[in-house]
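Below are two complexes that have chain A in common, paired first with chain B and then with chain C.
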Partner chain A sequence: MRITLKLFATLGDLLPEGAKANTLEVEVPEGATPHQVIDQFQVPRAMAHLVLLNGVYVDVADRDKPIIHPGDAIAIWPPVAGG
Partner chain B sequence: MAWANKVLRVNLTEGTVSDEPLNMEWAQQYLGQRGLASKYLFEEIDPRCDALGADNKLILTTGPLTGTMASTGGRYSVVCKSPLTGAIACSNSGGYIGAEMKNAGWDMVIVEGKSPKPVYLYIHNDDAQLLDASAIWGKSVWDADRILHQTHQDPLIRISLVGRSAEQGCLYAAVINDLHRAAGRSGVGTVMASKNLKALVCRGTKGVGNVKDPLRFMQATEDGKRVLRENAVTGQGLPQYGTQVLMNVINEAGAMPTRNMRETQFEGAHNISGEAMHEPRKSDGQPNLTTNAACFACTIACGRISTIDKEHYTIQNKPEYWGNSGGLEYEAAWALGSDTGVDDLDALTYANFVCNEDGYDPISFGATVAAAMELYDLGVITQEHTGGIDFKFGSAEALTQAAELVATGEGFGKDLGLGSKRLCEKYGRPELSMTVKGQEFPAYDPRGIQGMGLAYATANRGACHLRGYTVASEILGIPEKTDPLSTEGKPELVKAFQDATAAFDSSGLCIFTSFAWTLDDVAPQLDAACEGEWTTEKLLEVGERVWNLERQFNLVAGLTSKDDTLPKRLLEEGANAGPAKGKVNELGKMLPEYYTVRGWDQDGVPTAETRQRLGLA
Partner chain C sequence: MTTAAAKALLNDEQLLRYSRQIFLPEIDVEGQQRLLRSKVMVLGLGGLGSPISMYLASSGVGQLVVVDPDQVELSNLQRQIVHSSDALGMEKVASAKRTLNGLNPDVDIVTHNRRLSEAELIEAARGADVVVDGTDNFDARFTINRACHAAGKPLVSGAVVRMEGQVSVYRFDQPGGPCYNCLYPESNTAPAGQGERSSWQNCSETGVLASVAGIIGCIQATEVVKLLLGIGEVLSGRLLLLDARTMEWNTVGLRKDPQCSVCGTE
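Right, the complex of A and B next:
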């Protein structure tokens, strides 16, 4: 299925070629879990601190669940802060 | 003791300076900087006074760790009654001036009265003098800074200044130090200018002595630095991307205030983000970001130093802006960008340069421009009011022209200098002002981050993110993740953040250390440096005491629980996009519980028991 992958901050370098604005449409297996997507694009799990699925935070406990659907957007950050 | 134990009192009406010992009894209760200066202010002025009258006082204050080797120990604050809000104002800044004051041997400078003519304060260690400012009055911060360096022939002096916006009465003027660091919020610069005080020039060579246990202090500060170094946020994220890394985070989370908070996601967010600042421009192949930068003693270095493309329309014929200077932090980028609908990164950077050059708060400025753009969009104001500027959302030209006008107080700049609340009132649409207690919002829509609605409504200086940054927990998961769309537990969370922040702000340290440190990391540093016993528990008590003292100031000033609210838009109009779509901020659910958690009655007044417990009775 096709989803939108967004990798930000220091993870941006891990995006495959063709990404624009830290965003790329990618193909992942049907029923993929957040962890499977994280692994597929070589994002170290320890660096996937903030994971948002359609803008909603995905708790670490839910990252092995098949909660991603076609057309969803998953956005990932390492630990970041500001203010 | 870390405190210098010396206060400089400056009476501008009489033209005198004198020194006196710091009130060490109060220092044990209020620590320093924000807390201690607020105590002095509360004791010395009538909170009902005219903020721009001679009866208001302006306190420039350090904390006990300012000027020491503790990481980020370079902070100082400017405390007074605010002309923007009528509430207590305390604006905190980094850079180098705080450490210089402390190295000159002063904990704080209390400025009272009003000078009959423009003056500036020159401090060289124990020597303090009021000098004629006629050569720099009417000059921008940057010009006056250059002239003062030439006049004193000392490249090592540090300077805090007000710009032309403050002289012209802009109600959100800042006190700028080191050219681009700012005690930015609540109009503290306006108060300074109202006293005919243009600048504080300082040179200190005495060092910071009086550390209680130097060896233990060295160990404690090194322990603290290791924690900052090894933490992914303070060791990597902030140095590399600065606060601007939040632009995409908050936008994805659907809490990005956009076009005067009509919307909650900005389609141009990426173009003005921390990531975009790293990307080479199409025009000249160079990135906007030149380097990061650190304030005194800071081992994080989150500051942004930027360069605008020389061919950009804003500076094509202005070589004075071709060099690098203080770049966009997240709050400025949001207010100048998303809130006005402008996604031209270099235009925002130029507007930010002008804010620094003439000393005014980019948050309040951007939010006021956004309110004016909505008034224009609705036809309430026209080009007749704006002086011919097509003041539509998304217009970079309107934004940068507005910045230039506020800098000098000319034309429509006079209206914009009123701030959003007074501007919207003037044109008969007060509901369009996105403010609390008259101060403009920072960069988090409280419909998508419920706790921030409560934090804004109850912040003692008006809408503010730096008084209780629950974004850390609700969005970023620091120290623990909470649900941003739920109100459950938020009153306790907001109180905890508010009290801890008040303690950090009273120490001389930067609040950004709190992304890695808790008060457990701060207490050993203070305890090794300062007379008395400084534990986490004592710091929390100090924080709560400071919060309640500020509340008492505001109650005497005439504010009530009716001021603990949010604009109707955020309470009645659902968010238009993102995870919070359709949601409003549920302040009504949280506020009564917050008052209870605080030990206040349901009118928001600290009970006698609470006052007694905190020694405020």
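Right, the complex of A and C next:
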């Protein structure tokens, strides 16, 4: 299934070629979990601090559940401490 | 106090200087007086601390305690707008004091040109009404969070990197809310396998768009004034996220971690 993957800040460097800004439409297996998507695009789990599914925060405990559907948007934020 | 009596406590110059705030029904003369009696500690005088301190000074917050151990460098000037080109090499706190008193001589600026210890931070936080964090590293942020928790003072926390920013408010003056450590747990208390603080540190060493630091700093200054005057609802229990690339804003709810090493109850 195709979903939109959005990687913020330094994580944007991990997006495959063809990414427009920090966003890319990607193919992931049916029933994929947030952790599977995180792993598929080689985002270190320690750097996936905030995960948003269609703008709604996904708790760490829910990141191994098949909660992603075709057309969904997954956004991942690393820890941010710049000032 | 009657409005006439309240007005008598502001001189003509102050009534004119702050008139556009006094016009706001949420502020009025009494709110302005409260601002002039308020004390705020600003930690870090960089990309966030610049707009934070400048807006708080121009708004008439009575005392600003500014803390930063660094000197002004050329690479700071792109975003740290409280410092000007002729301040290169100066202590940031001295440079900021000069700018802030230029903006508003009413404001008393207390400077600390060094990192404060946790005990010193607790003492300083006790003397302030609100603490604002604009530092650039996790270690400082963890210490500031612990100090504000110990002092029972609200903490307005912001962070920026590249074209993204985050803001939240931690109400240590009220029971039950989450703290910074609930959002960013120090390594020992992080969720299993996710506590690699060393890899987090690098986030603060990438670039940032100057105006994005300005946006986040301005939101922090706004939350400080709201806290000081009890206006509206602050970002307590909420984390505001800005993606300036698409100019999209998101708000995620923050939950208190019962096992948090700072504020947990279990």
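Operating definition for what follows: the second predicted complex is superposed on the first by the 80 of 83 C-alpha atoms of A that agree within 3 Å, B and C clash if a C-alpha of one lies under 4 Å from a C-alpha of the other, contacts with A are read in each partner's own complex, and residues count from 1 in each chain.
By our rule, a residue touches a chain if its C-beta (ideal position, glycine included) is under 8 Å from a C-beta of that chain, and two chains touch if they have at least 3 such contacts.
A quick note: this is a predicted structure, and the numbers were derived from the prediction, not measured.
K.L.:
One more residue to check, A:82. First (chain B), second (chain C), both or neither?
P.N.:
Both: A:82 reaches chain B and chain C.
K.L.:
Under the stated touch criterion, which partner chain does A:22 make contact with: chain B (first), chain C (second), both, or neither?
P.N.:
Both chain B and chain C are touched by A:22.
K.L.:
Which of the two partners, first being chain B and second being chain C, lies in contact with A:8: first, second, both, or neither?
P.N.:
Both partners, chain B and chain C.
K.L.:
On the A-aligned overlay, A:54 touches which partner chain: chain B = first, chain C = second, or both, or neither?
P.N.:
It touches chain B, and chain C stays clear.
K.L.:
Counting only touches as set out at the top, which of chain B and chain C does A:44 meet: first, second, both, neither?
P.N.:
Second partner only, chain C.
K.L.:
Identify the overlap between the chain B-contacting and the chain C-contacting residues of chain A.
P.N.:
After superposing on chain A, chain A residues 6, 8-10, 12, 21-23, 47, 49-50, 52, 55-57, 75, 77-83 contact both chain B and chain C.
K.L.:
Help me check something: in the complex, which residues belonging to chain B touch chain A?
P.N.:
Within the complex, chain B contacts chain A at residues 231-233, 236-238, 240-246, 248-249, 252-254, 270-271, 274-275, 302, 329-331, 465-466, 469, 471-472, 475-478, 481, 483-484, 511-512, 515, 578-579.
K.L.:
If we count contacts the way the header does, which residues on chain A are in touch with chain C in the complex?
P.N.:
6, 8-10, 12, 21-23, 44-47, 49-50, 52, 55-57, 60, 75, 77-83
K.L.:
Would you tell me which residues of chain A are touching chain B in their complex?
P.N.:
These residues of chain A touch chain B: 6, 8-10, 12, 21-23, 47, 49-50, 52, 54-57, 59, 73, 75, 77-83.
K.L.:
Mind listing the chain C positions that touch chain A in their complex?
P.N.:
Contact set of chain C toward chain A: 44, 46-49, 133-138, 141, 158-162, 164-166, 184, 191, 193-196, 199-204, 206, 208, 213, 239, 241, 243, 245-246, 250, 252-253.
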